[in-house]
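Which chain is which? They are A, B, C and D, in the order written, and residues in each are numbered from 1.
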Amino acid sequence: MFKKILVANRGEIALRVMRTCRELNIETVAVFSEADRTAPHVLFADEAYYLGPAPSNESYLRHDKILEIALQSHAEAIHPGYGFLSENTEFARRVAEAGMVFIGPPASAIKTMGDKTMARQAMLQTDVPVVPGTEEPIDNVEEALAVAKTIGFPVLIKAAGGGGGKGMRIVNNTQTFIDAVGKAQRESKSAFGDSRVYIEKYLEEPHHIEFQILADEHGNIIHLNERECSIQRRYQKVIEESPSPFIDQDLRDRMGKAAVETARKCDYVGAGTVEFLVDKHKNFYFLEMNTRLQVEHPVTEMVTGIDLVAEQIRVASGLPLEIKQEDVKIYGHAIECRIYAEDAAQDFTPSTGKIVMLQIPDGAGTRFDGAIRQDMEITPYYDPMLGKLICWAKDREGALNRSERALREFYIGGIETTIQFCRAVIRHPVFRQGPYDTHFYTQFQKALHADITRATEDVLVVAGATLYQHKEQLKHISESGKSDRKGRSNWVRAQMGREQS
Amino acid sequence: MFKKILVANRGEIALRVMRTCRELNIETVAVFSEADRTAPHVLFADEAYYLGPAPSNESYLRHDKILEIALQSHAEAIHPGYGFLSENTEFARRVAEAGMVFIGPPASAIKTMGDKTMARQAMLQTDVPVVPGTEEPIDNVEEALAVAKTIGFPVLIKAAGGGGGKGMRIVNNTQTFIDAVGKAQRESKSAFGDSRVYIEKYLEEPHHIEFQILADEHGNIIHLNERECSIQRRYQKVIEESPSPFIDQDLRDRMGKAAVETARKCDYVGAGTVEFLVDKHKNFYFLEMNTRLQVEHPVTEMVTGIDLVAEQIRVASGLPLEIKQEDVKIYGHAIECRIYAEDAAQDFTPSTGKIVMLQIPDGAGTRFDGAIRQDMEITPYYDPMLGKLICWAKDREGALNRSERALREFYIGGIETTIQFCRAVIRHPVFRQGPYDTHFYTQFQKALHADITRATEDVLVVAGATLYQHKEQLKHISESGKSDRKGRSNWVRAQMGREQS
Amino acid sequence: MKYEINTIDQAIQIEILPDKEKIMIQQGKNKLMFDAVRVQPEMYSVLMNNRSFVVGVCSMGKNRVTVNGTPISLQLLDAVHLHLRELGWESMQETKAGLIETQIPGLITQIFHQVGDMVNEGEPLFLMEAMKMENEIKAPLTGRISKISVKEGQTVDKGTNIMEIG
Amino acid sequence: MKYEINTIDQAIQIEILPDKEKIMIQQGKNKLMFDAVRVQPEMYSVLMNNRSFVVGVCSMGKNRVTVNGTPISLQLLDAVHLHLRELGWESMQETKAGLIETQIPGLITQIFHQVGDMVNEGEPLFLMEAMKMENEIKAPLTGRISKISVKEGQTVDKGTNIMEIG
């Protein structure tokens, strides 16, 4: 096993990885940008090294700097987290050349699966069904339009080089197609340095279902069942759960087999995810494979009891998998809510500022994977995700109720967050009933946003009266320079007076 | 099921109970003393009522006030938590008389088991072995001494009316016996209003093992396996775990059967705990039965997946148990560390003051049941326990490593806590190896306390240099009235300068 | 003193009777015992007739609070304002609905219009790149663009005035 | 400037070289690059030669810090004090070891001695009830009781002087 690992990432995933490292008695090396000198991952690590200015391409994306630090600190392996360099073939290759271990699949598997078009071509040689669409990435708009007309609208435009919904567009007709390709190309260029896109058939009422894979160097490949990821906005996942309320055991077995076949096709090693679209008739299609740890991996951890980061590290150090397919069981149900620093009321615009008040939910079956702290500044440089709330219970109803309880308990003051948006989804009758498809958000958008601000008359009176008192107190402070009545309760005194009388 | 429950408690257990209530869609009513107007349980509850001044006997112990509030708020049931009124027969009776449900066993079972001497007498009629000792509570010191001489020193003096180590004394010889009885009587009188004590044989190398019981009104009684509670200081539990590293499956089955027999003997209903002492030859003796939820109940929840508070509420509302004995499985391993506001270096003297900085550990398998908040004042009126850290993993080694990781991450500034003491226990080789007995603390006290303050030369340099900088900054603030250099890093600037040159 | 609590779709009249010992609220026929204690600089614990609420006063100056997490934008009109309104004066400050400001720092990558253009509500106005995403900012109302304050390629801070409609 | 870091059982000499750009520490032959940034009023993030520490400066004024949780009581002696010591002066302030103060508020239930009594280290001095527990306070050193400042049955605040030995 490794003695020291450099984590080439920041935020919640850096902390997540380091927690497991410490539990495995492995020393941790953090890297940080100028904006992150006091970020939680820096405080947590055993060692921390300065990378460069805040922008990612001057810090967290700098291969040379990270390799230099890894060598200087005598790290034996590098864990890339997700995003940044996690699916970068060139970086994976350079890590290996420098005599260290890249905790992820072989560069060849990243290359095959990271490029969506190459992945499609590879999958066409297997039994796993794929969604109809372009087989080559397209740079030419007219050519793209021809393909779109062949497979028929609606179609999906996707960036060839990336993931996470960036550069993705759904197009319903010829008129808007050319404009949409342009936008997708610009975004893709800006995010991944690659303007090529590809076009595929847009399935109706689709479910986004993914399977967690674990593979070792000794040819053992297992899957840890599915995650349901159909709740998305702006093509980004918001809430995930496992097991899926849409999948039955027969479909689970068939899709799991397809996921393992996919991993085997690209000689996969490590933790990975095979994403599928499933239509309403329960036909499933290979969508893509993510050759890294996913944001939503904790839901799988909660229902299987397996620490995926620990398994990644074990496998990367050459050890065989300890778990066999038949040992993988589903215990209960887990739901993850992603908490973003975004204003849901303003079309999810990112929100920056200082966290002036923080209360993280806790208690039975409640896990928060985050990297936030009271008085911390949320900067505009990186992904606006603050963390993930994962709730486990013995069944789906319990997990829903626990999520609702925990979201109600969750308080982040000073910036806008998606806490209330997640709460609205969790208590929406269609979500509660399940199954739901990827159209859930667009379909119920209005009701969800109305639910967020719904208030009874009593709540309005409380809002108004508290605002009155707050302003009165501020007035008194500025008038007299004296302290406010913080911590003193009029009413307790009133009651006490009554009791004494 | 109930629509509204009053929780007649405060602190972490009030919050714990209310969390489950909310998950079951039951409204919650909090009660609070003058010191607790802004305590976490008041903020969490749907309703909150003022009880009286800070001292418990003027607030949380006032039957009349609590009953009045329960009726006024239309609560259908009262959950007493642990401590306070949880084992008070009179209160349980009055709740029932007022037409509400006391969430706990029938008054008769509390009466039988709450009085340790009555409990012993009841158990002597069963097959369950009991520790040799007095059968009647004793108020007379000479009589007590006679008994002690008969069974032979060392003997244990215990309060007849209470639990939790209060009023407990171990005595090795005749000389110190009379003084010890006096002290035990005074403490017992002050804590439980009952000065009677009893004497029992003190077992050598004993293990303190308890079994969790669940029973319904329909005659179903099951046990949820054991908790190992041998790590104690001042006769109070500090760290508990499940399963016990000392118990094998055969002993577990036999003790579980005895625990169920105990519960049946007193017609038990609800959640309860049967405590045993087990000697080094694996002989076990009935010690007492706690007719309430225990502080350490979460370790059982984490390894069985069962929410004990939810089961208590279900059973209290008349529903039969959903779980059968054969459905109870042990998943992995859980360890609880109790975090007290106490100064371990000063013989665990309670510590009061303001929590100026708070960082609660989180992540996979990490649960904190607490009731604390940054900027909150810890008052001297109540039990100094701030909360409990419970870590789960697939095996004991994993749970130990996770506990150590989480304790390292845990930071409470402004008051003294037992975080570092727990960390010293968790990493002690004898504890790590397990099994250990109740003498663990006395035996390794010195090594544990030395471990807490052990520091390398580097750490001392860091301590000194930070203190230097802190004092320099304070000096600059007071000299110039300007702000300090908070949030700015000299070194980052230095590195940046280098990079630009 | 009498107040009116106004939100987008509701208006509630209350009378606040502050006292040295307590605050009483008269709402229609209901008398409410109100107790708000500050637990953090921007957070209150409120008990109103024994019902418990956690109220966040997130943004100082802005008329926005959260009650048990629910965000509420409101205006609190006092007796003076209410009296002015009775006399036919509109006391509520008119908000500049057509003023487009940035919510976060970013880079203006493309502007689709010129001063004088008519735009419909929901029509794209400009593209802004922030946090690695291209954001399309849409017109909040129908009207004529009266002012554009930035250029393509310009980096802007939070709160920058980008353009005005009407 | 030269400093000595003193704990109960160790003494370390360092030289702190503050600069506008950074702090360098010379410890024996080692040069250490030191960077402490305040993240909360009583908490610092420290990087020393790239090793990361979280340092709590818990009690203002007291010479006590925590490093990654480990509590450390220390004295920082500057050049002036070190020079005085070289000259044979003892610069370290003598602590009043025999002064017994309460750590928490409570009720004094029993006092076992009178002024003038000799007590041995570890011998019980008095009983105090606090947080529902009876606490037996023992003598921290052997000596004669010179002063008793409280009576049985008296309620005392935190930090009250109870008695003095020697």
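Observations
Methods note: a residue touches a chain if its C-beta (ideal position, glycine included) is under 8 Å from a C-beta of that chain, and two chains touch if they have at least 3 such contacts.
None of these values were measured; they are calculated from a predicted model.
If you take chain C and chain D together, the chains in touch with both are A, B. When the interfaces A-C and A-D are ranked by how many C-beta pairs touch across them, A-C comes first. In whole angstrom, the spacing between the mean C-alpha positions of chain A and chain B is 37.
Taking each chain's centre as the mean of its C-alpha atoms, chain A lies 31 Å from chain C. Distance between chain centres (mean CA atoms), chain B to chain C: 47 Å. Multi-chain contact residues, meaning those touching two or more other chains, occur in chain C at positions 37, 39-40, 47, 51, 54.
Shown for chain A are the residues that touch two or more other chains, namely 37-38, 44, 373-374, 408, 487, 489, 491-492. Against chain A, in their complex, chain C makes its touches with residues 3, 5, 7, 10, 12, 14, 16, 18-19, 21-23, 25, 27, 32-44, 46-48, 51, 53-58, 60, 63, 65, 67-72, 74, 76, 103-106, 109, 129-135, 158. By the touch criterion given at the top, residues 30, 37-38, 42-49, 73, 373-375 of chain B touch chain C in their complex. Those residues of chain A whose C-beta lies close enough to touch chain B in the complex are 15-16, 19-20, 22-25, 34, 37-38, 44, 50, 52-53, 298, 301, 305-307, 331-332, 359-360, 362-364, 366-370, 373-374, 377, 393-394, 398, 401-402, 404-405, 408-409, 487, 489, 491-492, 495-496, 499.
Residues 37, 39-40, 45, 47, 50-52, 54 of chain D are the ones that touch chain A when the two sit in their complex.
If you check the complex, the residues on chain B that touch chain D are 56, 166, 183, 186-187, 190-191, 234, 343, 345-346, 349-352, 356-357, 380-384, 407-408, 410-411, 413-414, 419-420, 423, 452-455, 457-474, 484-494, 497.
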